[in-house]
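Below: the structure, in structure tokens.
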Amino acid sequence: MEAAVNNQLVSIEKPEIVAPPDWEPVIIGILCNWCSYAGSDLTGTSRIQYPPNIRIIRVPCSSRVDPWFLIKSLQTTADGVLVSGCHPGDCHYISGNYYARRRFLVTKKLLNFVGFHENRVQFSWVSAAEGPKFAKVVAKVTEDIKKLGPLHLYKKENFEK
Amino acid sequence: MARVGVFVCFCGANIADFVDVPAVVEEAKRIREVKFAIDYKYMCSDPGQQQIRDAIVQHRLTSIVVAACSPRMHEKTFRKALSDAGMNPYLLEVANIREHSSWVHQKDKKAATAKAADLVRMAVAKSIANEQLHEISVPVTKRALVIGGGIAGIQAALDIADARIPVVLVEKSPSIGGKMAQLDETFPTLDCSQCILTPKMVDVASHPYIELIPYAEVLELDGFVGNYKAKIKKKASYVNFKTCTGCGACWQKCPVKVPNEYNMGIDKRKAIYTPFPQAVPNKPVIDARYCTMLTKGKCGICSKVCEKGSIDYKMQDEIIEREIGAVVVATGYDLWDPKPYEEYGVGRFKDIITSLEFERMVSANGPTNGVPVRPSDGKVPKNVVFIKCIGSRDEAKGIEYCSKICCMYTTKHTILLHHKVHGSHSYVFYMDIRAAGKGYEEFVKKAQVDTGATYLRGRVSKIYKKGDKLMVRGEDAQIGQVVEVEADLVVLATAVVPNKDNPDLARLLGVSYDKYGYMSEAHPKLRPVETAKAGIFLAGCTQAPKDIPDTVAQASACAAKVCGIFAGDTMKKDPMISTVNKEFCSGCQNCVTVCPYGAIVTEEVPMGHGSKEMRTVAKINEGVCQGCGSCVAVCRSMAISLAGFTDPQIINEIVSI
Amino acid sequence: MITLGLQEKNTLLTDVNKRSGANVLECYQCGKCVSTCPVSNFMDFPPREIMQMVKLGLKEQVYLANSTWFCLTCSACSGRCPREIEIPAVMEAIRHLALEENYTNKSAKVKAIRKFHDIFLDMIRRYGRSYELRLMVEHNIRTRDLFKDVMLAPTALLKGKIPLLVKPVKSAKAIRRMFKMAEKLEQKHK
Amino acid sequence: MKKITYFPGCSAHGTSKEFDETVKMVMKSLDVQLEEIPDWNCCGATSAHTLSEPLSYALPLRNLVLAEKLDNTTMAIPCASCYQRMKVTKVHLDKNPDLSKDIGTTIVDEGTYQGKIAVKSMLQYCYEDIGLDAIKARVTKSLAGMKLACYYGCLLTRPKAITQFDSPEYPMSMDHIVEALGAKATEFDYKTECCGASFSISNTEVVIRLTGKILEMAKESGAHALVVACPLCQSNLDMRQPQIEKQTGEKYNLPVFYFTQLMALAFGMPEKELMFRKHIVPVEGALAQIGKIEPEPEKVKKPKKAVEAESEAE
């Protein structure tokens, strides 16, 4: 049913656009201050290496993430977005990450509906102690987005001209 | 027009080795709003900060970006530099080019530099949208809640109360004293535990600033630092403490005998009881599980013998509330149950006991009047084998960590055995002797040399019965041979595990805990007594296993922290909280539902200027708001914004990459 | 004296860990295995010492030790090991590695044990089942200990404890195929 | 009538014929039909896994495949060693299905491994599937008066991850069974110590040492006899007993029964058919204890300060 709806719309993903050989995706990572941001700091202090494509934005809690941020990111600068918060039950603000999760799922459905591939926006739980996990998550997201190809180029070609 | 200053740090070689710092500066200079950009070896050093201060004045900067380490590290330092130069500290943004770039992309300097430049650009963009913010002050309730009345809770309560701050001390059992009250003598000085503890217990009871609530539990904690509200359940004791004189007639006459927890079940107590003779408060309670009057409606002897008529079988649990400003959690520890050690025959052989059982037996006020005996036949043992690391450092059967105190209390037990039983001998099976502490190694030497305790390095593999002896088999790795010791009594040094109520309590307090159940400190080194939740502190074994000196030190540290919070009549609070634009608010109250702190209420405002028609809008209690931003994301009319993380700030970051 | 070189050259440790699926580095030398092991006092080096020697990379000593041959795989040690190390698997891995790299312990006892197993497998190869009388006789002949247990034989035979004949497995082909496959796989390891 | 797959093992035709026979008798009287695997082969025992890992899985695998063809849900194995090799292979294959590809090529004629049959030792089958109540119900001649030390050895309950049955340190299943037969199980601390098993022929010295200690502890526990569920344990404890007595100078005089022999005896089957004549250590002394019930000792007065284990209401 969903697929049928998708077909009726102009798909945003254009597989025929070939990325130039030196193309690297830009990924925006929106991390909560208490768990995931601290976790990403730990990745740094542990000197665990990960692909340099991610640009991190700090928010107090994953529940601060407005769907608008995701849409704006994909619209303007990013090829993919990662939102990361505390593990369920560990939210510094008691229940914020549950709201975030629910809101994220709805947003994802919307983006899907519009024609974005579901891997363009991803969600993860990374605690302050999970430095290695953060590196893994970033590596995976980067790889996923690389597979999907550029969103940005497409936009430049279609909107600027 | 914004005038931004950019300060890029080398962090010695930490950043400079993997990021081309001058290139980042050049890149920053190309941004229209950047009027000044410079790099420096250590931006956080005083000369580094001086450059920031000077530039603010010289170049009339309107916001500052420091590209250095994580803002979690030095944001406060740089904010201070700003305010020293007369600038609002919240006009600072930190670009994290160390943890997020130089340290994690060490193999690709070009990419790391490009990323650092991007991070700087994002920070500049955000800082342009920064607003001047001011710290908020919140009134404080100057009363502390201490949960748990062991030595940690007692020490914390006394220290806080001595600073003339009221304390509510809640203890689960009928008396304070905790595990320390069960000990005989303490290492490494062998001073009598009762002699040093009971005066403190009495102090607690008589202190004008301490409200002692025994036989009670904390049910709920609402609010935030400085303004908590606690609900406490006073369990029904069936004895009116106000009239009871503690004469003891009731428990002397009570016919129901049950195992005595204080003596580890070695002897019996009555269904109406005071836990031990030195109990504080020295008032009996009725154990409703056993009292036949309460279970079957038959007996009533205690009521008959009580001259004061203090017995009240109809008493109900009572729930009371207290307003408090800070909490000290001191719930102590439990001992690990050694049942999984089937190869030792735990549960089958009566003459295998735990260390605390041994401690009770050698205690002067213990069930055997200070002489250890074999539970099987009541004989006094001569050869006693002590086995350390029971459950500790044993992933297979127990827990991974070292319980920290067993090495020392076992040493103490060998000495006590030597003192109490003439001609006795101790064998200690150990893996390592961990005697790091003042006077500890000397204490071990005393046990080994003066009392001649035999130390055998190896884990015991099997215990079996031969006649009335227990044969204890283990390797002595020193000589590389398997040895068997004929033992009269075997004492297991069981591991320290967290109080089994810890996870439940942690959840109701909103504090995190680890996989074992110990509550987590905010930082393992630099904030060892704080929790991540402001105003809640940890003392003693609630946080990790520790001995009495460490526990007392930590309890006093908690007291200092509590007194710090209560030093003024108000508390300073981060201004990063939500505010409502009443003009835009549609009164849908979505924000009220999502706020995890109940910080959002509604108020009535006039429909328009001078109008008499009223409409409902949201109102944020700035004392309660913690700044999570949940309300901002759900607000349909964009009426709420979160200071420091406003929509323009974040969107600026997104579009500037 | 033993001179310890670079740990990265310690192929013994990586080989043993890989083959056994255990991690020898987890051993913290508590010695519970030693006093558990029913045959530790017959061994050149009890399990705890073998573990340490593997950590130190003392390949020759480990491969030539009789310990791995004496291990009965009774699993008492691993059941009690606080770090849950599969010690019998470690012993077996060392034994197999030593066999593959042609290290042979020349002591009479190990020889006798090996002989026994060789004869036993030989018998299975031939008949598909084991045959106790032949096992005993052949073992005595091959270890030159002709009169061992000779006192037991008459009673055992009289009591019908040891049958004189064996009923071989019908599909001998399958058995032969197994032995071939095993040899092939072992060659691969070498 | 229940039907199960039966794997007798090589020793059933030799050293442990009495085990095999009594298993068959007991199962018949408990209404269980044993279906023997056709043309089974040796499990490889200790020798296979000592010398060759692939072989130690290949040999039992053929039996497992043949067993599955019989379409029963459970296979019961009297010999502890066969049981363990079979169970180890099963657990290993279930965890690493790739392995059966390599090894499975050798048994193409028999079929492929499905992994659907449960592998149990005869002791486990009696304890778990038949149950104590059913056993108790069949007893016509109580063994009351007999004190028995139940010896499990190493392979029946260890390693826990493989066997998933009873305690690896102090199992009680066989104790419960002999108590169901009316006998008394003694507190026997050496019930899971290894007897030396596979060294019986190649390294007799070790076996004598280990077995001697087991016999000593059994005697110490006050037992009239030992009960086992493993042919290797039986032959080591029984056949080597005179040798051990000679070396230590002690007289143990402990006959070693298979638990099924005692079940058959308690079920009222004629003694003649239970093959007691096959035992090296004479059984008459132990059997004579049946019916001699000691008077219950008077309740010993508990010492004043002793620990009383009373159930605490928790």
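To keep things simple, chains are lettered A, B, C and D as they appear, and every chain counts its residues starting from 1.
Convention: contacts are C-beta pairs under 8 Å (C-beta built on N, C-alpha and C of every residue); 3 or more make two chains touch, one makes a residue touch a chain.
Since the structure is predicted, the reported quantities are computational estimates derived from the model, not experimental observations.
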Chains linked by the largest number of contacting C-beta pairs: C-D
Most central chain, Cα average position: B
Most distant chain from chain D by Cα centroid: A
Between chain B and chain D, centroid-to-centroid distance (C-alpha), Å: 52
Chain centre separation (chain A, chain C; CA means) in Å: 55
Euclidean distance of C-alpha centroids - chain A vs chain D, Å: 60
Rounded Å distance between chain C and chain D, as computed from the means of their C-alpha atoms: 24
Where chain B touches two or more other chains at once, by residue number: 343, 462
For chain D, residues contacting two or more additional chains: 168-169
Interface hub residues of chain A, defined as touching at least two other chains: none
Chain pairs that touch, as defined at the top of this document: A-B, B-C, B-D, C-D
Interface residues, chain C side, partner chain D - complex: 38-39, 42, 69-70, 72-76, 78-80, 92, 95-96, 99, 109, 112-113, 115-118, 120-121, 124, 128-132, 135-136, 139, 143, 148-149, 152, 155-156, 159-163, 166-167, 169-171, 173-175, 177-182, 185-186
Residues of chain B defined as touching chain A within the complex: 70-72, 96, 98-101, 103-108, 111-112, 114-115, 118-119, 122, 510, 512, 532, 576, 594, 596-597, 626-630, 632-634, 642, 645, 647, 650-651, 653-657
Touching residues (chain side chain C, partner chain B) in the complex: 28-36, 40-41, 46, 48-49, 80-84
Interfacial residue positions of chain D with respect to chain C in the complex: 10-11, 13-15, 17, 39-42, 44-55, 58-59, 62, 102-103, 105-107, 109-110, 154-155, 158-160, 168-169, 192-194, 196-199, 201-204, 206, 210, 235, 239, 243, 277-280
Residue ranges of chain B in contact with chain D within the complex: 258-259, 265-268, 289-290, 342-343, 345, 348, 350, 353, 357, 367-368, 373-378, 462, 464-467
